[in-house]
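I've put the structures underneath this note.
Paired with chain B in one complex and with chain C in the other, chain A is shared by the two complexes that follow.
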Partner chain A sequence: MKIGRVCACFVLLILFAGFVSAESVAAGQLSADEIVDKANIAAYYAGDDGRATVKMTITDNQGRKRYREFNILRKDDGPDGGEQKFYVYFKRPSDVKGMVFMVHKHPGKDDDRWLYLPALDLVKRIAASDKRTSFVGSDFYYEDVSGRGVDEDEHKLLKSDDKFYLIECRPKDPGSVEFSRYQVWIDKQSFMPVKAEYYDKENTLYRRVEALEIKDVQGFPTVLRSRVENLAAGGKTVSEFSRIKYDIGLKDDIFTERYLRRPPRQARR
Partner chain B sequence: MKIGERMVRFGVVHPRLVTIVMVVTTVILAALMVQVKVDTDPENMLSRKEPVRIFHNQVKKVFDLYDVVVLGIVNEQDRDGVFNPDTLRKVEELTDYIRTLSWPDPDHPGHQIGVVKRNLIAPGTVDSIEQAGPGQVRFAWLMPKAPATREAAARIRQLALDNPLLNGTLVSEDGRALAIYIPITSKDLAYRIKKALEKKIAGFKGPEEYHITGLPVAEDTFGVEMFIQMAISAPLAMLFIFLLMYYFFRQMKLIMAPMIIAMVTVLCTMGLLIGTGNTLHIMSSMIPIFLMPVAVVDSIHILSEFFDEYQQIGDRRRTIEQVMKKLFMPMLYTSLTSAAGFFSLALTPIPPVQVFGIFVGLGISLAWVLTMLFVPAYVMLMKDASLEGFGHPLDDGDAAANSWTHRFLAWLSRTTYVRAKLIILVSLVLVGVSAYGISLIKINDNPVKWFTKSHPIRVADRVLNKHFGGTYEAYLVIDPVRTLEGPVSDQWRAQLRADALAAVGPGAEKNAVDSILGRELTALAGRGLDQRGFLRQLSRNLQKAQDDAASDELYDALSPVIDLVDRRLEELEIFKRPDVLRYLDRLQAAMQDHALVGKSNSIVQVVKKVYQELLSGKPGDYRLPERQKAVAQCLISFQNSHKPEDLWHLVTPDYRRANIWVQLHSGDNQDMEAVVSLVKQFISQNPPPVALKFRWAGLTYINVVWQDKMVAGMLRSLSGSFVIVLIMMVILFRSPVWGIIAMVPLSLTIALIYGIIGLIGKDYDMPVAVLSSLTLGMAVDFAIHFLERTRMAYKECGSWRQASQAMFEAPARAIFRNIIVIAVGFTPLLLAPLMPYKTVGVFLASIMLISGLATIIILPAILTLGQGFLFRRVAKRRIE
Partner chain C sequence: MKGRPGFRLIILILLLLAGLAPGGVWAGEFSLARFNDRLADAGIDYRGFLDLRGGWRVREPVDERHTSLGEARLQLDIDYDLGWVVGKFKGDLFADAVERSSGGTIREAYLLGSPLDFADLKVGRQVLTWGTGDLLFINDLFPKDWKSFFTGRENEYLKAPAEAARLSLFFDVVNIDLVYMPRFNPSEYINGQRLSYWSPLSGDTVGRDHGLRDHGRNSWFSEDEVAVRLFRNFSGLEAAFYFYDGYWKTPEGMKADGRVYFPRLRSFGFSLRRDLFGGLANLEAGWYDSRDDRDGDDPMVRNSEWRFLVGFEHELGDDFTGSLQYYLEVIQDYDDYRDSLPPGMEKRDEYRHLLTLRLTRLLLRQNLILSLFAYYSPSDNDAYLRPQISYKLTDNWLIFAGGNLFYGAEDYTFFGQFESNSNLYGGLRYNF
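Our next item is the complex of A and B:
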């Protein structure tokens, strides 16, 4: 088996799906790694750049709801599957309005991450550690936002029916993550990952990520609604994407430390 | 009287029928015991509907809290304490093992019971926030994997000690100990978890010590050991009673009768208890031990008397009828009074105590019926040969035993007559001393202290509370008072509309915004919402309007309006307000001054720690930010960790309810009460910046509440039954004076016993409280027998002097035998490793001894002094 690259594991930002034409895929001939690569690109690399407004509803096991709203800007550097930059501007709750989270994603090595807190007038680098920490208190992980590193897992094609590939991913460094394995269902047509299920070290299913609604935006299959279920605690987070646009010609300097304190208009609106 | 005679005659005439009915009933009722349901939870001392329990459960749910088993790992030998690679590797292995301790729930398919993995607190499962070079901060597991080097281990130690949320909770300040907090789905799994841990730990070698504690462990372990105790102590007590009776009566066949009655009574009562759907609780597990002495007492009176009179009369039927005639009234009344004492427990507000009282009362009634029917039947069924050579004082062994008793009683007879005044004087002095002792009584309980000092749980409790901030938890829950927000008035809405419009900059969209605002404000007006609910709904509706906005301009124009509404809402999130947080901080500092409060954690420590690490990591930056927005941004930063939900143990997501998690070194009620009153005092001297309501929850606090109820309830039931017994005595003796005299030994016994408890400093705890009712029921028995028989003797002899000599023959002997049998019979309980059983053993022995002695010493002295007055009417009635 070839050394696998990414299980494009599940994603908050599936909005930027790369378009993969159906005929380029010799049916059933793809290896697990190739499927995963295509899924990674479909889920994270739609267009050369893009923006979206995301409304998150975090519901805990008691039905208590919390809301987050932010705009997200993305720009790719180089070919699909390569370097990317993200700029996340928070609008709600209003007491964290203006907070910015920025990522320079380097596949194969640690990402660079920054946090800007306006009330503290503070820019803080977030040091490399594992990325499976919560994204602002939601059930999404940071890794779900920027994509899990391509060659961090071994992939195995478990099943292939007329609609989905079912891929099993096992971490190469089990000590670095909280799961022992996960399974991803990948749509055969669009190569969009539509569901992922995570098992803990005791092999109990504890987490499920699903795309609830996928729609074509500017020719890219794009997730409009996704959900993470925390099956251990009983909570869930639903993300709704709106005002999605691809290929808007974002400038490179937006994604620099300087702009954390001065968010560009594209980010604020 | 006639009923009594008929009952006895029935037993005499139909001995077989009586026996068969008894055996069949017992078998049927005993069979019900197989469906036993055990309940070892002291929380059930309070009714499920008790407000404090409802609140406690609500708090557990709201803050996602579970009952916790604490596993402590101590290394006193390594120079770095537990922070060396080898110990930490064991900690890691244990953590991994603990995560496997959950099982499918047999009652709810698809659910798991056991350890709540996601809330486990261990070095590998908690996050640390730390400096990672200039301008960098890192969120990482404290111990993602066990370190390979001493340096790495020391770093983990430093990180943990620098985190106020972990220092004193997860690690001890000296680095010698580390604690894993294991949340469990329900308390009754604590013993199972403990056993599993012990098995795992047994496979480890090395200098580490392991300790398992926490209230759930103590409570559940107690439940398990309680059954072992019941299986050992109760039969052992039975054996002792048997041996002593054998010593006194030397007739195996004869003493079988009381043994059978005791067995039948216990089996039937427990069968009935379980069969009626009651759980076997710590309280009801003690029923057999309480019933046994009461059940044998009457039979011993009968046998003692039968034993003495059989030789004179010679005919068993006539002897037993004679004996029963003499003893019927005293036995009826002793049973009635004992039963009344226990039935009065039904008046306490504590369900398990009510059940206990009712069933002991039923058991006593049953024992009485059995005594009336079965003892005569049993005597009739004995073979003639068994009765041969039976009685007093013919054979040598008996003579020796009797002469010893005999001489003592003869001496008592003289002394009580000659030294009556001295006896009364000494008694009064004792009452005085007791009153002083009672004034010293400390009302206190702690389920951990139900184990003996050397029990592993007590040892673990001591060791872990020495190293950590405390293994006893209480929660101080804080809510704003309901009146904080006003109602939605027309004026308030108009003001809101004006403010919102002012926020919109000049432009063409202003009118569109105003019409949307007007529409939404009107739509929500009639909904009966308070200001908070109104603003929340308004924000949601405005966001919807924004999503539907026809133009980008309208979208932009609506943003400041939504911001304004959200800001108004955030003002109501009071536990983000710096002034409120500063107040909590001061309150916590005040609590910390109490020696037994190890530490307390709240949202304040979270905010301070995050703020510190965001700024510089320096100790001077460990403080609260000045502005609410800064607090909010610290909190959202915290939520970027592995376990953002940890925040919701300390505050609700709407920031409207906070929880101060208090760790105490002691689970004693009086210590918890001291902390409660300290907080109350702080609040009254330092009014909070907004009107707040403070309420306590947590197991340690619940114990305080039921203890308070227990004491008050017991006191009420004790005084209630005292009055009932007094009335019964007055009726029995048809004389208020004699009734009061009958209460003397009992009153003295209660006074003395509680006086001694106060003097020796024993805590007035659950078993002691319950035993007060036993004292009442049992202590009056001897007095009834003594006085009733005295009056009979007086009627025969005509003078107290002569009657007194007769009294110190057979009647006193019966009382004396009873005292010895029961006092000694309960000494096996002293060997129990569970304190409540020890307490019961000591108590029963003391009650018997003191009330028995008080009866045969003080009553004759009183009668001697008051004979002229007291016997006048007895004599008169005799003449009639």
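Our next item is the complex of A and C:
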């Protein structure tokens, strides 16, 4: 398993919370880009900060299961849609217990990422170029989470019924990704993305990401359970989120080398 | 504890503990989870492993056993969070068939707290690491265990613990690490026990019958060490300055009685690290002031040196990473060194160039890891390869195999001297 790739978690998962403001509901005719912007904010920018415990069950194509458990802290820097910091503290499996993965996310350019290995007291910097690789051996990608900027795809509104917007996304640089297009269902009330389906270069559906359970937490629609299915190779990963809290007043310096070497209580418990 | 009965006892304890471990024969998942929850509520976290591994020389040994590694090891790692301070204990029980010994070692035992809002203090036995090199160390002058590294123990054993007090101060302008080690902590160097080496005096490769003996530095507070780091992150560019005052970590000096010793050393250096071209780049340099041979004309003490390092790491594909480093050692006052060298002794080059390559490939849902780390010195004409393959059978069980392969055109170069120690190893580990 590779923690370096972790971030992905945030994907649909983690702080996949949304926000229901009066404005967004009142919006009349939104363009595809506007809908995607709102969905991005709903999914990744709930509150000014937050924490969650994530339990992942990874099932391979022969039914064998592996488990991951980690705590995530998130803090936004500046306006929604902008810079963010993440702190991931691993609890399970035991060989990675105590390791920390930290990301300074810079929309529009490469993120800064670090991994702390307690046994060596080593703060390791990680190259940020890998976007569509597995996060800790799961079916989630790094980019499912924090990586894919809204400007990297062309968006088209395919359909709008009374519950969902259906948006089609096509990569501006098709050579950089393994999909040819994907479709996202976005809840009209909350602007939460609830399902995404990815098509390969032969236009075959091969990957599905879904929110299985969404609940209101402190006024933010929040994903409690999400699933990624690999329809081509088989296998799936289910993530469960618990102990979710927003606006907990995380200090900025938690996301520095000091607290990599000395995980704060909020991250460990 | 020494000798065979001890060895059997340890094996027995290890087997019992393996049975008790999570998923073992006696413990049900549920009761264990409840037990762990109760511990966590009390602020106690633990983890550990049981590790069995063996290694064999692939070349004819010089005055050593054919077996390079054969051991069972149980590690227990406990954190106790008291709120105002965190206590840590990490210890190993081991039984070693190569050195025919068994016993226990404490790897970490410290208290960590924040006496002030802007200060952390860690006191006790601890592992310390800083600097930007990948398996190359310039400003990290904390103790290493080269025996473990060369024989195929897990990477964590390359870093030997030190008894130290580390005070870290965090300010907006700069962060400061101050480490005081009241008694010198040498590296576990290659001394003929288990691994043979080149003896410049004998002009030959020797092993356990010619074990190096050193004049230890064991006086508390007089033979001490100080290490300082100033560091700051300028929005992604990490910069640091380093200072060290203590002793060469390996015995780079010899006294008239033929025994080696650890000459005085001071070092100054800096490092930079940032992302570059979609990858990561690092630069590090240091000046080693060999204070017992300032003029460089004492052939029995290593000269002062300059050391440089540049590195670059990049993804080569999905779950496939590559990195390259170039490292340079320059001997200061080389002419004085050369002129003072006794006739017959092999002379080192003024410039030692070294290249390293790391390739890491993850397969089968990142459960299979193939990796290679290679050192190659075009000036010494020697090399050291570290291939490894490991597979996670389950979240708990890991099997692995690897090698430590040394090559050298000459018997007296840094890696060349270890040619006969080239070994292959394998084993398994249960994490709990």
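What we mean here is this: the second predicted complex is superposed on the first by the 244 of 269 C-alpha atoms of A that agree within 3 Å, B and C clash if a C-alpha of one lies under 4 Å from a C-alpha of the other, contacts with A are read in each partner's own complex, and residues count from 1 in each chain.
Note that in this section contacts are C-beta pairs under 8 Å (C-beta built on N, C-alpha and C of every residue); 3 or more make two chains touch, one makes a residue touch a chain.
Computed from a predicted model, the values in this text were never measured in an experiment.
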{"item": "Fit or clash - chain C, chain B, common chain A", "value": "clash"}
{"item": "First (chain B), second (chain C), both or neither touched by A:R265", "value": "second"}
{"item": "Contacts of A:M99 with chain B and chain C, given as first, second, both or neither", "value": "first"}
{"item": "Which of chain B and chain C A:G82 touches, first, second, both or neither", "value": "neither"}
{"item": "Chain B versus chain C as contact partner of A:Q62, first or second or both or neither", "value": "first"}
{"item": "Chain B versus chain C as contact partner of A:D110, first or second or both or neither", "value": "second"}
{"item": "Touched partner set for A:E202, first chain B, second chain C, both or neither", "value": "first"}
{"item": "Touching partner for A:E257 - first (chain B), second (chain C), both, neither", "value": "second"}
{"item": "Set intersection of chain A contacts, chain C complex versus chain B complex", "value": "60, 66, 92-95, 97, 119-120, 122-123, 125-130, 132-134, 136-137, 235, 269"}
{"item": "Residue ranges of chain A touching chain C (in the complex, touch as defined)", "value": "1-2, 58, 60, 66-67, 92-95, 97-98, 104, 110, 112, 119-123, 125-130, 132-134, 136-137, 235, 253, 256-258, 261-262, 265, 268-269"}
{"item": "Interfacial residue positions of chain B with respect to chain A in the complex", "value": "61-62, 64, 96, 99-100, 102, 112, 117-118, 127, 132-133, 135-141, 144-145, 543, 547, 552, 555-556, 559, 562-563, 566-567, 570, 576, 611, 614-615, 625, 627-630, 632-634, 636-637, 639-645, 647-648, 652-654"}
{"item": "Footprint of chain B on chain A - complex, ascending", "value": "55, 60-62, 64-66, 91-97, 99, 115, 117-120, 122-130, 132-137, 142, 175-176, 178, 200-202, 204, 232-233, 235, 242, 269"}
{"item": "Complex interface listing, chain C residues touching chain A", "value": "40, 45, 47-49, 79, 81, 112, 120, 126-130, 155-156, 158-159, 168, 170, 175, 231, 233, 236, 238, 273, 275, 278-280, 282, 313-315, 318-319, 321, 362, 365-367, 392, 394-396, 398, 431-432"}
